[in-house]
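Below: the structure, in structure tokens.
Think of it as A, B, C and D in the order they're written, each chain with its own count starting at 1.
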Amino acid sequence: MATHGTQHLSIGVDVGGTKIAGGLVSEDGTLLGSARRESPATDSSAIVATIADLVEELTATAEGAVRGIGVAAAGFVDRDRSTVLFAPNLAWRDEPLRADLETRLKLPVVIENDANAAAWGEFRFGAGADVDDLLLITVGTGIGGGVVLDGQLMRGGFGIGAEVGHMRVVPDGRLCGCGNHGCWEPYGSGNALVKNTRTEAAQSLLASDLVARAGGDPDDIDGPMISAAAAAGDQFAIDQIKEIGTWLGAGIASLAAILDPTVVVIGGGVSEAGELLVGPVRETFGRLLTGRGHRPTAEIRLASLGNRAGMLGVADLARTPAR
Amino acid sequence: MATHGTQHLSIGVDVGGTKIAGGLVSEDGTLLGSARRESPATDSSAIVATIADLVEELTATAEGAVRGIGVAAAGFVDRDRSTVLFAPNLAWRDEPLRADLETRLKLPVVIENDANAAAWGEFRFGAGADVDDLLLITVGTGIGGGVVLDGQLMRGGFGIGAEVGHMRVVPDGRLCGCGNHGCWEPYGSGNALVKNTRTEAAQSLLASDLVARAGGDPDDIDGPMISAAAAAGDQFAIDQIKEIGTWLGAGIASLAAILDPTVVVIGGGVSEAGELLVGPVRETFGRLLTGRGHRPTAEIRLASLGNRAGMLGVADLARTPAR
Amino acid sequence: MATHGTQHLSIGVDVGGTKIAGGLVSEDGTLLGSARRESPATDSSAIVATIADLVEELTATAEGAVRGIGVAAAGFVDRDRSTVLFAPNLAWRDEPLRADLETRLKLPVVIENDANAAAWGEFRFGAGADVDDLLLITVGTGIGGGVVLDGQLMRGGFGIGAEVGHMRVVPDGRLCGCGNHGCWEPYGSGNALVKNTRTEAAQSLLASDLVARAGGDPDDIDGPMISAAAAAGDQFAIDQIKEIGTWLGAGIASLAAILDPTVVVIGGGVSEAGELLVGPVRETFGRLLTGRGHRPTAEIRLASLGNRAGMLGVADLARTPAR
Amino acid sequence: MATHGTQHLSIGVDVGGTKIAGGLVSEDGTLLGSARRESPATDSSAIVATIADLVEELTATAEGAVRGIGVAAAGFVDRDRSTVLFAPNLAWRDEPLRADLETRLKLPVVIENDANAAAWGEFRFGAGADVDDLLLITVGTGIGGGVVLDGQLMRGGFGIGAEVGHMRVVPDGRLCGCGNHGCWEPYGSGNALVKNTRTEAAQSLLASDLVARAGGDPDDIDGPMISAAAAAGDQFAIDQIKEIGTWLGAGIASLAAILDPTVVVIGGGVSEAGELLVGPVRETFGRLLTGRGHRPTAEIRLASLGNRAGMLGVADLARTPAR
């Protein structure tokens, strides 16, 4: 029976290193209201207070019960969805974020890794809403991942699954922010794109247009400049994005051998390059997938929710009590 | 993994004709705090305001998130647990109680019939905690019922199941408060006990002690007087309780043929008579159950949670979001 | 994904007092083949052998795997769906029917009460396929019942639920085949119809046409004669069916107070009288349901699967392993 | 309620390139009987006939119902568990194995990938019976994998998940049997062990004892010789096993970043080297896991069911009907 006159609302909060964004979300994924704050990134109790303040602002506007608060954060979140074990950018170590927020807000809270939350958002309301098995790759400064299998978010035995950016792709390869060498992230991320581009631009005559966009100094090239140049047809910039896409496609072929998704969704800031990125991803994936020709293969799509995926996803997860 | 430091709290509210009682309840059924108010019985918006006020008092004392508010009320509650369709004693007709309370409290609310809530309480925390299939009969002014089958509360296709007091036991029999003739309630309830006793006491020399307790006027006899006299060994009073127990046992035999519970729990105010009531119930049940001798038979027990069963039960139901 | 080229078949067997009927049934309830045998009713090991023989005949015709064998029988079946505790017409007492058949057939077997099986059949493939909560009343020589609540077959704590024919409707009333007095069955069943009619026909001039159909002797009147006369417009016969319908409607009002089904389905041989029976059922039910006017009420419908309901239902139940 | 006297039996069949082994298995994983046949590997209809013959031999010995037949085979099996999409060693392409076997046997059949089946076996009855999230790595001629997440076998959107041996670990690396370069399998498998050892033995004086075991020709060294020499303390052989273990540990670190198992179980023929293999696996895994020190880490264990894991696992899977 329908629930006449009753909305099943929840609030999703996306905690980033520079800002904290929150939304009041209905059961069908509609964003009914939103708010944001600066992120007091290195002061963990100030973050809790800021989240609580933002939630209270949104709650006051709610027409109906708020069934839960979801908080997405970059970091390792425990199986219980209550403690942030490790969040390099937010200075959190074994932070009992759920308990702190519940004590303050008297509302149920769940914490989730940001890429997991985004995968859930795309699965419920976005580019993967038509399938049961989805792999989300977010290509931003790093590479994040989220996996939905048979309609369930894959969280792992300790809650720390889907850290796909730290699959090793080159033995003794490039140094990664995690301290290891050869992870996927230093080859396929937005940071890799910028770093590769700056290095090559310093040595290549083909980069002249792009260097001009950066005011003459190759070290001032940033991601949006590369995307803009590529969109305008600059072959050097296009090739830089293709390099990233090739590494992404190769990694996705490995992940598809392991996880066998029906759909791979590419999101994150670098995905705004659209087909200039996804084209090379598809090409490499199609060339490297084990058993190709003898099996169905995943479809590779662009994400559709933009930077709201995590907020919408974690708001939806907040409706189900943690176990 | 355990949820260290996080309590799964909820609030249960029992709305009666004369008072409204609420409790802050932990996941294991511990009552952590309680509060009560007079019931503004015939003014439905005043009841909503009073419930909200009581909930806010309890919420303020909570150490952790309050996952939901449960409200138990005598009446028909819809399948959705949101609307009170009909509550004779509370002047409610199609009252959107959940939406009204959620708008005010910003917390998830579920509404449940009071006897269903009490059955769930006894099933989760009381006399039926060891079985999966339970029938609760509450013998108060009327007869209420609640049914747990295979560990699930039986709610019925429209949410109005377990109105066992209105099973017809005598064609063209006594007038019932529901307007029908011959329902079980006018034969086996506390009201029936008092009415039977007053009528017989006016005609019987055996009632002299009980009439004396009532100050000489048979029409001043009430339930506690009958129980007290019976407990003291007064045979007239004992026989009055036995009469009710016999009707209850016969009705339970019919209900056991239909529902086949493993345990029947007898609660409500009249059950305070203990074995004086339950003895005759068991005797009649054992004599009338169809197929007796060729089947396992339900055990008949006294309730163990007293008048907190509904509050504890509905607080527990509030932890599961309504569907 | 669809299961290309693979049929999910099962076999349903309906064990009656005079014959044993079996069917090979597809997942969507299509009867792909059928067979029958005489029932060696009083010899329990001969019944087992006959069932096994019939199953083997049907299995040989199957194009695909047979996932299970369901056996419906009139009697008490334990919670485990393995043992017939008591079957008056089949001389079974604590009969380990499942183990005997599994040892012989090497296929999974489930046993179910016949009316439960028929309720499941109507719920899955027949008159209740559009709802989640259904009460089936089978009006044959006795009154049987089956209940589906929230999409699950109600079996009871001991497996013996839904024996609705033995709800007491008249204190110290007519003797029932179960040994009790006043059960619903001696008022509302096909046997009651025939018995009532013979008694009244012996005393009433209005019965002359019906007595003529019986060759002049009121004691030779049988059910089909009554139905045929009623269908032809004979007012005496119509009134006899109405009498049964009135008792059925009153009992269904009690059952609806307890179980709150969305739909009540009337099946069994007497239901072939159609609207002549169901009209009075509806009229009495509408007049006696507690709280009428303040609640949604169940719809009363004729069964649609005829005497195949039990076979189709138990075949479907056989696809789910017993717990 | 317990199912007195009824066994829930099933049959598991492990189809290999040289032999087909079957077992009759009880619900608790006890092997009640077994049988085997030569594998007519390249003739697919002969394989079906051989499996059917073997199943019939085992069925005849069953004391009770056989609830299903499970068949484990090396290859891609569709989501439906009915069709072998691709099995290089068995000459199967889109083979409708389930339908063929069900038509012949009239019993429900499920097909499963052999490593998935083994993972399920270790999860249900072996080295992972105490956890909910497990990664099995089988190190035989190739590298196989199976994953259990939250108590469910991970099958993937197309049924082809957990092909971990074909994760790329070296760009443009060694040629793999799948046709790709740089897969994990040519670095960490039993074939890799033998190939590495033969090559190095031809060039190294340290290999003299091992070459002697092979009768003087390095190209006659095989796996059991390496294991035996290592067990006897031969440092050259020990180092060869360590080389494989190091590659395995590095790959498992990548897989743990993705899948986050609680336990990693190492099985397959090479695992008979025991701690000589698992020691280096643990050392490398502990050194390379991303986020080590800030997270709980999986325990690495030896498998406990030997070469019966697949048979026991697929027999257990056969009890649950395919969806």
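Please note the rule applied: a residue touches a chain if its C-beta (ideal position, glycine included) is under 8 Å from a C-beta of that chain, and two chains touch if they have at least 3 such contacts.
Note that the coordinates shown come from a computational prediction; the quantities given were computed from them, not determined experimentally.
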Legend entry - chain D against chain C, contact positions shared by both copies (same if over half, else different): same
Inset, instruction - Name whichever of A-B and A-D has more C-beta pairs touching across its two chains. - result: A-D
Inset, instruction - Express in whole angstrom the distance between the two chain centres, defined as the mean CA positions of chain B and chain D. - result: 58
Inset, instruction - Indicate the whole-number Å distance between the mean C-alpha point of chain A and the mean C-alpha point of chain B. - result: 51
Legend entry - Geometric centre distance via CA averages, chain D-chain A, whole Å: 34
Inset, instruction - Hunt down the residues of chain D that sit against at least two other chains at once, touch-wise. - result: none
Legend entry - Chain contact topology (line, ring, star, complete or other): ring
Legend entry - Parts of chain D lying in touch with chain A, wherever the complex brings them together: 76, 85-86, 93, 131-133, 145, 149-150, 152, 154-164, 166-171, 176, 178-180, 183, 250, 253-255, 257-263, 288, 290-291, 294-296, 298
Legend entry - Footprint of chain B on chain A - complex, ascending: 1-6, 8, 59, 62-67, 78-80, 82-83, 96, 98-99, 102-103, 105-109, 319-322
